[in-house]
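What follows is a set of structures to go through.
Across the two complexes that follow, chain A remains constant while its partner is chain B and subsequently chain C.
Coming up: the complex of A and B.
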């Protein structure tokens, strides 16, 4: 893509979002629910919230719902009939207001599901989704995107990236063809912009470690005593996985009787004691120590090894959500300090 | 794109009671197109399902040389296997697969094969054993050592009789001390001890070992004592699985997915993995 940039006024942004809704697209955008902000379906662009650091939950449920039908079955006079839920046409969805770290996370998420045995549902939904992200002009202490390969103005994974600049206007980075056609279809709302350097408008998030350093240190840490202390507070509630934009573990369960029902897949978490337990009762990860180690190792050591990306974008949600105040950023910094540097 | 999770419908053609709580099903494709499309290799597994109860993971226990059906052998233990055990000949169940890697038996051409199995872990080896017997001239000596807790716990009793009578293979069966009956003609003793007495030669030999963790733990050192290298020893790993295709995150052992990178591993590969299985 050529890096044409545009500017957009706040009024024109609202007009754009209204036009998308009017055109029948499903718009998901930040909405306030109590003290927190969540991505919710939006009918009225006026209800969209702009003053948040990060939403409580990630937008991954647009690609990977908390529970979804895999197949349904029904016994009729001829025998059992199994139908799947792959739709020919998925309604077009717009995700508005995702942070750059979220868009980066979703691109890793989609790649994980596309690699190897490709997942039809996730792949199909990403095709139907247009991502309009909003750069960060503020951060909080839980944020550490710049240590995880992303940043407050990262365009990775977005179709369009908006950056709030002066006078209630946004700078528009057109990242993909999809983003380009959205601009083209609403050309009157956009102004061609001279090269504006957006960096000065962005939040500053200090890098506290490098992914390469952590991956290297973790490579020999499996039997290190750090995991015991690091995991002591964890109660295994799974909230961290629930809010995380890259966590993708799931379970498969049937609902129904032997004649009619559905097979569903539902979010699951490596934090749960039952996640790995064998039918014999043997559990390869018997305590929270092994489970916490799995969470950290999977994101910072195994995924870089097997899929060539870090399983964390530093969005900080897990730390904000944890009822036991487990702070991932602090944990990783501690690991960097405690484990010997190799090579 | 296809929905990975849509199972084939399989008709139970034959149900055999193998041992207390252990059954074998022979499954035929309900749909001819599915049958034509399906193929697998020895070592692979699948997800077997009872509608309304869920899916359960077992290996394909039959040999790919036997066309048109697959067989599975399972122990009734949890919700799904209990529901499966209630199914009868003529009933329909779901199956998706094949998944996972394979026993590289093409690379074993011209070699001696030594199979060592314990208890309910004979099914994955039974697939390879029949595969090798059906291509008998490709291999040199074929030896099977199989042990169970008691005579009643031995699975595939009919096939054991058949293998015992064949002159082109050697079968040694054993039961744990106290597990023998008055007319038991096999050995008495734990698998690793019986193996030690057999004094297997590593010369041009592949050892394929499957069994409960404690059997595996004491069998590998015996093979090493007779100078088998970790590359000459193959086994399969079991971990809890859901998807079977490397996505649900449940079966991982360090960076390895048992469902996708396994279930077949050499002892050398196991040595580099954390013991999370």
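Coming up: the complex of A and C.
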């Protein structure tokens, strides 16, 4: 869809956010907690922050909560009452302040869960969600979106994309019909845009590898000794997977007893030993070497081959969050250098 | 720094150590764990104020253990960790070669008495705001403290970085991974998060040497160390036991003294 553009002043943006909160919409936006910034439900639009490169946690929990109830049962005097949480209506949600890489990640996330048997929870939640992203005018050394098919002004996956331009104004890319209806409902706040070249306002993120080449090189790397050295300092936590906007692994947990209980879907991570351990005690990924290899291979080899998209958007969260400074960007560059090039 | 690099090269060259666990420059001004196995590797070793994450966590890692005898560059917190691990029988044959650096002077601590002497004379110093946070929390009403942790734990998604970064969380099977019976609720909802963090705090009560690595590691910015620091403070107050000081000390919460001040236990 060809995008139409508007401009919006910072004051009008704040007015829009206040109006959304006042209208009782579930607005999730960047807010500060200590030194970090998180997407959190907004009660007061004044708490929304704009001066961050990237939030600590990705916005994926809006589509894929860290603990999601699937089915519950409760025994009462009438008998057993079973609740299928799939049948519950998902309230309308608005995500504000996601970066273009986040929106691109969520679109890949939705695509992943729609392949084959579509996941009802994720698709319903995406339908209920409007994404207002904010282009990047600043980046940091962990960023590598331009190596992963996104960019600081990428409109992919957003419904509206705002780009800060001069004089406290934003250029508004209307990307989808959902975005258009949000503009239409608040028409007075927006102005028709003159022709503005957005690129000059955007952060420059240098491309450091081509994903197609990485995918090719990884295809024959499974038994390569590089993985052992690369993963030595990995301590085996799930921080990288849980801050990642595309990591989608989950586990099904049952809680309760014969009278009351719940079945939940919870995040899981390939960095954990327990992730692959068999009931026999055998673990096909016995050490962090195999687990780290799985993480890189899934994103840069398996997903491109099976689902035709890269499992990484270069948001850099894993590198910033890693207690052992694993730095994914650096590791991928090293793979490009170390592994033999093939035809 | 140079004397440290020389010492590491010497240990590797004489085959006394197969690997020297230390720090090297990392990304964007950070330092990262580094495993020197060659002369060249040793040249990359750095040691300064940025080296905070507790390296003792690697002493029990399979891939490091299989390299052979290890040397480790140790802050006072790491020395205490090694003493505490020794008291928990984590070093079967010998201690790792423990290198402490003072004014570019490298000293080897190779046995219980020298480690204990260093641990006793070098307190673990965490930032002063942590001491204040511990005190503030202790002074809160139970309801306020509960509200504080409820808010903090709301961001926990159970990535277990706290556990992975903790050298004293060395269990090969953690209680949270047991499902017959299921001791700890797995889901990262309010109940599951409380169960996890309280279980971990209780398992580290009287064992936590207060290095703060769990807080440093937490991607959600939860000050987790406040729990185990306070738990250790309580154990010290009530049982007179300080972890990481005596390599042959019995564990505070699983040993019995005839002269215990509590009558009910006798």
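The working rule: the second predicted complex is superposed on the first by the 331 of 343 C-alpha atoms of A that agree within 3 Å, B and C clash if a C-alpha of one lies under 4 Å from a C-alpha of the other, contacts with A are read in each partner's own complex, and residues count from 1 in each chain.
Going forward, contacts are C-beta pairs under 8 Å (C-beta built on N, C-alpha and C of every residue); 3 or more make two chains touch, one makes a residue touch a chain.
In this text, all values refer to a predicted model and were calculated from it rather than measured experimentally.
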| item | value |
| --- | --- |
| Touching partner for A:140 - first (chain B), second (chain C), both, neither | second |
| First, second, both or neither for A:79, with chain B first and chain C second | first |
| Chain B versus chain C as contact partner of A:238, first or second or both or neither | second |
| Touched partner set for A:35, first chain B, second chain C, both or neither | second |
| Chain B versus chain C as contact partner of A:258, first or second or both or neither | first |
| First, second, both or neither for A:177, with chain B first and chain C second | neither |
| Footprint overlap on chain A, where chain B in one structure and chain C in the other make contact | 251, 253 |
| Touch list for chain C against partner chain A, complex | 26-28, 30-35, 53, 57-58, 61-64, 155, 157-161, 163-165, 177, 185-189, 192, 213, 216-217, 219-221 |
| Chain C contact footprint on chain A (complex, rising order) | 33-36, 38, 56-57, 66-67, 140-142, 228, 231-233, 235-239, 241-243, 251, 253, 255, 264, 266-267, 269, 272, 274, 287-289, 319, 321, 323-325, 327, 330 |
| Touching residues (chain side chain A, partner chain B) in the complex | 70-71, 73, 79-80, 82, 84-86, 112-113, 116-121, 123-124, 222, 248-254, 256-259, 261, 263, 265, 268, 270, 275-280, 282, 284-285, 290, 294, 297-298, 301-302, 305-306 |
| Touching residues on chain B, where the partner in the complex is chain A | 1-7, 9, 30, 49-55, 77-78, 81, 92, 94, 213, 238-240, 242-243, 245-250, 252-255, 260, 274-277 |
